[in-house]
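Please read through the structure below; I'll follow up with questions.
As written, the chains take the letters A, B, C, D and E, and residue 1 is the first residue of each chain.
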Amino acid sequence: MFKKIDRSSLLFLGGALAFFIVVQALISLNVLTAFWNTILRIGGVMAIVSIGLNLIYGFNGQFSLGQWGFYAIGAYSAADITYRWTNNASTDGLIVLLLIVLLVGTSILLLYRLLSRIRGLDALSAFTVYLLAAIGLSVASVQLGRVIAPPVNGLLQALPPDVATTIVFILAVLIGGLLAAEVSFLFGLPVLTLGSDYFGIATLGFTIIVKVLLDNSDTLLGFTEMKGARGMIGIPKVTSWFWVMFFLVLVLVITRNLIHSSTGRAIISVREDEIAAKAMGIDVGYFKTLTFVLGSLFAGLAGGLYAHVNGFLHPDTFNFIKSFDPMIIVVFGGLGSITGTVFASFAWALVLEGFLRLLLPSGFETWRFVVYPLLLLIMMLLKPNGLFGNFEMPYLRQILPPLRKKTSQPQSEGITVKEANV
Amino acid sequence: MKTRVAIFVLLIVALLVTACQPGAAGGGTIKIAILAPLSGPVPTFGVSTRDGALLAIEEANAKGGVLGKKIEAIVADSQCTPDPAVNAMNKVIEQDKVHYVVGEVCSKASIPISEIAEKNKVVMISPTSTNPTVTLNADGSTKKYVFRACFIDPFQGTVMAKFALSKGYKTAFILFDQGNDYVRGLAEFFEKAFTENGGQIVGKETYTAQDTDFSAILTKVAESKAEVLFVPDYYNIVNLVGAQAKEKGVTAVMMGGDGWDSADLDKNAANGGFFSNHYSPEDTRPIVQQWVANYQKKYNSVPDALATLGYDATNLLIAAIEKAGVDDPTKVAEAMEKLEYEAVSGKVTFDAQHNPIKSAVVLAVKDGKVSFAASVAP
Amino acid sequence: MSDFQFTPSPDGREEILRIEGLTKLFGGLRAVNNFSLQLHRGDLNGLIGPNGAGKTTVFNMITGVYTPTTGSIQFRGQEITGLEPFQINQMGIARTFQNIRLFPNLTVLDNVRIAYHPHAGYNLLDGIFRNERFQVKEKELTERAQEFLSVFGLEDRQGEIAKNLPYGEQRRLEIARALAAEPKLLLLDEPAAGMNPAETVALMDLIHFIRERFNLTILLIEHQMRVVMGICEYITVMDFGEVIARGTPAEIQANPRVVEAYLGPGAAALSEKFRRKKTV
Amino acid sequence: MMLEVKDLNVYYGAIHALRGINFHLEKGEIVTLIGANGAGKSTTLNTISGLLRARSGQILFQGEDITYTEAQDIVRKGIIQVPEGRKIFATLSVIENLEMGAYLQTDQAQIQSDLEAVLKRFPRLRERRKQFGGTLSGGEQQMLAIARGLMSRPSLLLLDEPSMGLSPILVEQIFEIIRDINEQGTSILLVEQNAQMALSIADRGYVLETGRVVLEGPAQELLHNPMVIEAYLGGHG
Amino acid sequence: MNSSKAVPSTPSFLDFLVRRKILGLLLLILILLLVLWKLGSELVTNPTLFLQQVINGLQLGFVYALIALGYTMVYGIVRLINFAHGDVFMVGAFMSYYAIARVQLHTWPAKVFPNLSPGLSIGIGSITVILLSMAICALVAITIERVAYKPLRNAPRISALITAIGVSFFLEYFGALNFVFSPNFITYKRPFDVTTWMVSAQGVQALQKGQAIPEKTVIFSNISIIIVVVSILLLVVLQYIVGKTKIGKAMRAVAYDKQTARLMGINVDSVISVTFAIGAALAGAAGMLYAIAFPQVFFWMGIIPGLKAFVAAVLGGIGSIPGALVGALIMGQAEVLSAAYISTPMRDAIAFTILIIVLLVRPTGIFGEAQREKA
C-alpha cells in the first residue's frame, strides 16, 4: 500500500489544484477583485507561517513567539535580493546571501557532527563555536560574492527579463527561508534549553530585537535600500496567487510527510512526554532544534512571499503585537491540526480584513477591533481546544496500517494476556 | 465534522456572495474615499483628518455638490500600517468603485497605496504624508495620479533652522523618532540648514514612538546646554518631552513642526516654544476664520493641522474635479497639476513632483496661547 | 566500601551491568548510598524495598535521568554515567515507569513505533520525499511494531489512543514500547502496580516469555511480593537508600531485616502494645 | 454512624479506579483501608474529601449526603485529610502551615489555644516553628501534616499513608500519636501499605484490590488472616 | 573512559573548550566586561551625570515594579501570563485622570475642610484618587478573571493566554471608542505642581523656573520622591498582606499546591480572584503614578510598560515578589543607562538581550526557584 500514491493524496492534490484554478479563474474574470485577491494571498502566507508555528508549538510543544521575527528576516532578505536585481540589475544580493546560506548551512551540519560526539555538551559553548563559524563564513561570503556576482549578472541578463525575475524571486524566497532557518538554529541552540514559558518570552524578545534592528536597518545595519523606518519600496510585486498556492501546497506536503514519518513521530513524542521520549532513545534536544528550524524555515519562506505581495515592507508590520497573530491562528484552528491552521488562516484574513471591513456600517469602522477580540473570546470560551480540535482532512490524517497477516506464533498465543475481564 | 463542513461552506458562500456583490452603481453621486488610521497606534490623527475631510465634503454638498452631483464620502480604516491600508484601498477601489481618494495620513501606509492608485488610475491626494516617495515612482519619475497637500520635509526643517538662527540661537539639540520618517526628515533638514548657516548641533538623540520616559536623554540635553531643543514630532510626544524637560532642568527653547498643531498640545509643557505651520488661526483671511468657526461648530474643538490638511486636501480634490469638468480621474489629475487654489493653508500650486507650493508660518506658544510669530515664503 | 562481591557468572554468561558504589544526594538527603549491583545476560533480578527506599532513584541513575553524585555504572563494559538518557537507551537499556508514561494522545501503534525510531533506518529527507527507502523501512518498522503489539495481545488496539486504554493494557503497552527499542537490558518499575490478580499472573508469564524470546536481562522493581517472589531469581532489598539484603526469594522471605522493613518493627510486639493501650 | 460509603464508582478519564466500594466507620473508631499500590485507597480518600467526583454511589457523613459537596464545605463539616506524601506547604513556615489547617476557623482565641495544644503535642514543631515547611525532615513533615489536620478541629481524620518513607522508630511514634488522637475522640480513617502496623491499631479493616473491597473484618482477625499476609509477602502467586 | 561507536567521547582541544563551558563563559564575560568598561568610564568622566541617570532609572524602575508584581502574583498562582494586565494599568491611569480632571476629586478635602493646609489637603485628595483607581482596577480584574479565565481553568493553558490577548485588545480598542475613553492622547492633569531640587556640594536648593543647572549638581523632583515613596509603601503593604494576613498565606498555599489547599478548606477560586484583584490594584496605583511622571494618558499606554514590567518579572524570577522588584529596578537602570550611554534606538533590544542572557545563566530568573526534577 505504500507503493502507490493513495487515494487521499490524489484527492488532496486534485482538490488543491481545483481550488487554485477556481480562485485563479475568478481572479482572472475579475469577480474576485484585487481586494479579495490580496486578502487571499495574505491568508495563504499566514497559513504558511502558522503551519510552521503549529509544527513548533502544536506538534513539538515549544511555546514560541519568535515566528514573526523569522518571518521578518525572510521578508527583508528576500526583498533585498529582488530589489537589487530589479532596481540595480545586480545579483550581488542574491549571490552573497546564497553563499552565506550555503556556507553557513554546511558548516552547521559539519560542526553538528563534530560537536555531537562530545559528551555533556554545553549549549552556550556550542553556540559560540557556531556563531564564530557563521560570522567568519559570512564575511568570507561577502568577499567571495563580489567576485562571483558580475559573471552571474551577465548570465541572468541574457535571459528574458520575466524569466530572470522569476528565477531570482524563487531563489530569493528559498534563501529567505533558509536564512531564517539558520538564524533560528543559532538562536534556538542556547534558548531551547529554557523551560516552556521562558522560551516563549525569549523568543518574544527575539521578535522585538529584529523589529528594532529593522527600524535602524539603514543606519545601524548599513542596508540603505531598506530605508529603516521609512519602509522599503521598489520590491517587485511578483507573488501571485499561483506562487502562494504553490508554496502552501509544498509546505503542506512537506509537513504531512514529515509528521507521518518516524522523525515526525519523534517530534510529537517530545510534546507528549519529554522524559518518556528520552527514555525511548529520542534525542529531545535535537528534535526541538530540528522542529524550531523547520518552523522558522516556513516562516522565512512566507516572509519572502509576503515581501512581494504589496512590494512594500515596513518594520511596523513586524511589530511584536502582531507576532501573536500566528499563535492566535494556530490555537484558533486547533493545536496539532494542520487543517485547522490552514482554515483559520484564511478565515482570519477574510473575516478581519474582508468581511468586517465590508459589513460594519459607516461610522463604525473602528469597531472592527472591538468585534474581533470579542469573537476571539467567545470562540475560545465555546471551543477551548480550537475550532478543529485535532481533526484532520483525509490527506493529512494518519492512516492506520492494515493488520499484519497472522503468522503462526504458537508460543505467544498461549500467554497472550486477555483483556481484563473483570 | 458536519459543523466544520457547514462552517467551511458558509464561509465560501459568504465569500462568493460578498465578492460578487456589484459595487453600488456610481450613477448619481461622485464618491470620494477617505483613508484614515481610525484604529491602530494613532487613531487620533485619523479622526482629525477624517473630520476635516468630511466637513469639506459636507460644505461642498451644501453648495450643490460638484459637477451637479452630490459627493458621497466613503470612510475606510487604514490603521497607519501597510497591509490594512492596501486592503482598505483595494476595497474602496474595487467594491465601492471610487475614483478619488483622500489619504493616507502616514507615509508608510501612503506609499503602498499610492502604487495601487497609480495602477488603477485613481486620483489620490495625501493630506499629510511627507515622504517624497509617496508621489514618486521608484525610478524618480512623478506618479501621475498621486498628490499631497502638505509640505515635504526639507521645507519645514529649513524654515525652522533659519528661524532659530534669526532669533540668535547658535546651538541646538535634536530629538527625533527613529521610526517615524516625518520626524526624521524634519530633523535631518533642520540639521543641514542649521549647520550650513553657522549654527552648531550639540547633540542628537533618538527615541521610539512608544517611549514615555525621556529622562535619560533630557538629562543629556540639560548637560549639553543647548539653546534650542528641536523636537519635530507630533504634539503627544512634545507634551511628554516638554513636561519632563522642565523637571530635568532643560532651559533650551523647544521648536518643532506642524505636528505640534493640535488643540491637545499641552501649552504649559510647550511654553516658550515655536513651531512651523501651514496657517495661523489668527490669520484674518476669511477662509481661515470660516474654517475655524465651522469646525468648532461641528466638532466642538479647534481644528489641528491634520484636520486642516484633510480639509484642504479634499477641497483641492473637489476643485480639481470642478476644473476638469468631468468625472474622469485622468482629466482630474491633469487639472490638479495646473490647479491654483486658495486653501486654508494658503494659496496652493503643485510643483513637478506634485508637492504643494505654499508658504509657512511660525507660531509661538506662550502663556497658554498660540500666536503668530513669523511668516516664511517658500 | 561495599561488602558486595562481584562474581563471574557461574556458566560464563556475559556481564551486562555492573554498578559500583553508587550514591545520590538530593540536597542533604542521601537518597541512595553506596549501591552496588551486578547482572549477567539472562538474569531476572528484583529490586525491592518499601516506598522511598531509593529504588526508582537507582533506575533513574542507570537510565541517565539523574547523574550519580559518586559511583560508576558500566553497561557491557562501558562506563555510561554522564550520558544522556537517549544515548543510554540507544546503547540498549530500556525502561518502564512507575506511573505509566505513555505518549497519551498517540495511538497504540505510534507509541511503539516511536521507540523504534533510532532503528528506523531512514532519515528526515527520506521521510519528506517518501522515497523507496522510506517505503521499505517504514513498512518493515510498522510490521515490527505490530509484531510487538501482537505479542502483548494489543494488536487489535493499534488504532486506539493510548490514554483511553484500560490500566492493564497501558502497562503492557509500556512494556511493548520499551522492547521496541531492542534493548539488552530491561528495567521494569513496578509493572504489576494496579493490576488485579488475574492480570498479575498473566504479567508474570509475560515477563518470563519476553526474557526468553528477546534474550533479555531484566531488573524489576516491584511492590507486590507475590510477583517478585514468583519470578525473580535473585533479589536485592533496599531501605533508606541502603542495600539491606540480597539473596534468593526464599532467603529474602526468611530474612528478619526484610520482614521488619516491610511489616514494621516487631509487628507482633507493637500490636500487643497498642492493643493494651486501647483496652486500658 | 459517622461515615458511610455506598457503591462508590470513580473514574480517572477512561480508567475505572473505584468499582463500587462499600464501607462504613462508626464514631470513635479507627478503620483502615489496606492494599497494594494502585488499589484505590488514595482515590477513596480524595473522593471523600471532594477532590474527586464520584460517577455514582453515595458518601454519607453523619447521615448527610456529601457526595457532591465542595471540598471546602467538607472541611467545614469536620472531615480533614492528611494527604499522602505529607504535602506540606514548603514555602510557608511551620506556624503558617498550621494556620492554614485552621483556615476555616474564625475564632482567633480558639485558634491560638489549638495552636498551643498542637505544639504541646509536637514539641519538635515548636522548636522549628519559624522554619519553612520544606526544610523539615520527613518525620517532622509528617507530624506537621497531622498537626495541620488537627488544627481544623476535625471529627473525622483521613490519614493517607502516614508511615511512608519514615524509619521504623518514627513510624512507631506516628502511630502512637494516631492512637492518641483517636482516644481523644477523633474518628480516624487510615490508609496504609504497612498493613500490620495499621491493623495493629485499627478497630476494623478493609482490604482493597484494584478498586474493590476484597476482604473486611475486625482488625485482629485480618491481622492473622493468611490472605492479607500473602497479599503482601506473597508465598507464591 | 572507554570509547566505542555508540559512546561519544572526543578528549581533544575542542572537547576541552566546548565541554568545560569555557567558550560560552568567555563570550558572556566578554560582553559583561565591555558593558562594565563603558559604564565605568562614563562614571569616571562625569559622575554627577551618571548619578543623575541612575536616579532617572530608579523612578522608572519603581513604577515597573508595581506593574511587575501583578504579573508575578498571577503567574505564581495560575501560571497564566496575563497579557491584559498592562491594559488594566491603562484603565487605572484613565480613572485617575477622570477623577482629577473631570470630578476634581483631589480637591475634596479643600472643599470639606477649608482650614486644612494646602499640602495636606492635596495629599489626602491624591490618596483618595489613587485608592479609587486601585479599587476600580481590582473590580475590572475580577470581572476579567471571572469572564475570561475561570471558565478555561481546566482547558489547555494556551487557551487562557489567547483569551488574555483578546481581553487586552478589547480593553484597548473599546477604550479607544469616543464614548468610552478616547482615541486621543490626553494631557494628564497632575494634582500638584512639580518642584525640582538641586543637590550639590552647596546643599539642597529649589530649582527656579528657567534656571540652568550648575555643574556638579544632581537634581530630583517631588515626583520622583512621590513615586519612590508610594511604591515602597505599597510594596510594604503587599509584603504584609502576603506575609502576615490569612488571605496572603492562603495565596502562598494555593500557589504552592492547589489540591492540598483545597483539602485545608481553602476556596481556591476566591483566593485566585483576590490575587487578581490585588495585582490589578497595584497596577491601578502604578497607572496613576506613571501618568503623574509622564503626564499623558492614551488607550495604548499600557502595552509597552506592561511588556517591560513583564520582562522585569521574568528577569527577577516570575512568581517571586522580591524578584519582581529587583527585576524592575534592573530594567529601569538597563533602559536608562543604555539610552544614555550605549544606544538609544537599541534600548528595547538591549533590555531583551539582558533578559535572554540572564535566562541562559539562570533559567528561571534571578529569584526563580529551580525547576524540580521529576521522572
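In this text, contacts are C-beta pairs under 8 Å (C-beta built on N, C-alpha and C of every residue); 3 or more make two chains touch, one makes a residue touch a chain.
Each chain and its UniProt protein: A = Branched-chain amino acid ABC transporter permease; C, D = ABC transporter ATP-binding protein.
Note that the coordinates shown come from a computational prediction; the quantities given were computed from them, not determined experimentally.
Counted as hops between touching chains, the shortest connection from subunit A to subunit D is 2. Chain centres computed from CA atoms place C at the largest separation from subunit E. Looking at B-E alongside A-E, one finds more C-beta pairs in contact between the chains of A-E. With respect to subunit A, maximal separation of chain centres occurs for D (centres as means of Cα atoms). With centres taken as mean Cα positions, subunit B sits 37 Å from subunit A.
Centre-to-centre separation of subunit B and subunit D, using mean CA positions: 74 Å. Work out the mean CA point of subunit C and of subunit E, and you get 49 Å between them.
Here the spacing of subunit C and subunit D, counted between their Cα centres, is 31 Å. Shown for subunit B are the residues in touch with two or more other chains, namely 38-39, 43, 178, 208.
The set of subunit D residues touching two or more other chains comprises 210.
The set of subunit A residues that touch two or more partner chains comprises 119-120, 215-216, 219, 275, 366, 369, 422. Contacts from subunit E toward subunit D in the complex involve residues 246, 249-250, 252-253, 255-257, 259-267.
Partner subunit E is touched in their complex by these residues of subunit B: 38-39, 41, 43-44, 46-47, 178, 205-208, 210-213, 215-217, 219-220, 222-223, 225, 235-236, 239-240, 243-244, 246-249, 251, 264, 266, 269. On the side of subunit A, the complex with subunit B involves touching residues 26, 31-39, 42, 87, 215-216, 219, 228-231, 233-234, 310-317, 343, 346-347, 350, 353-355, 357-358, 362-363, 365-366, 368-369, 387-388, 391.
Put simply, subunit B touches subunit A in their complex at residues 1, 4, 7-8, 11, 14-15, 18-20, 38-39, 43, 74-77, 80-84, 86-88, 90-91, 93-95, 107-108, 111-112, 115-116, 120, 131, 133, 138, 178-181, 184, 208. Chain contact summary for the complex, subunit C toward subunit D: residues 50-52, 163-167, 190, 193-197, 200-201, 204, 223-230, 240, 253, 259-265, 267, 270-271, 274-275, 277-278.
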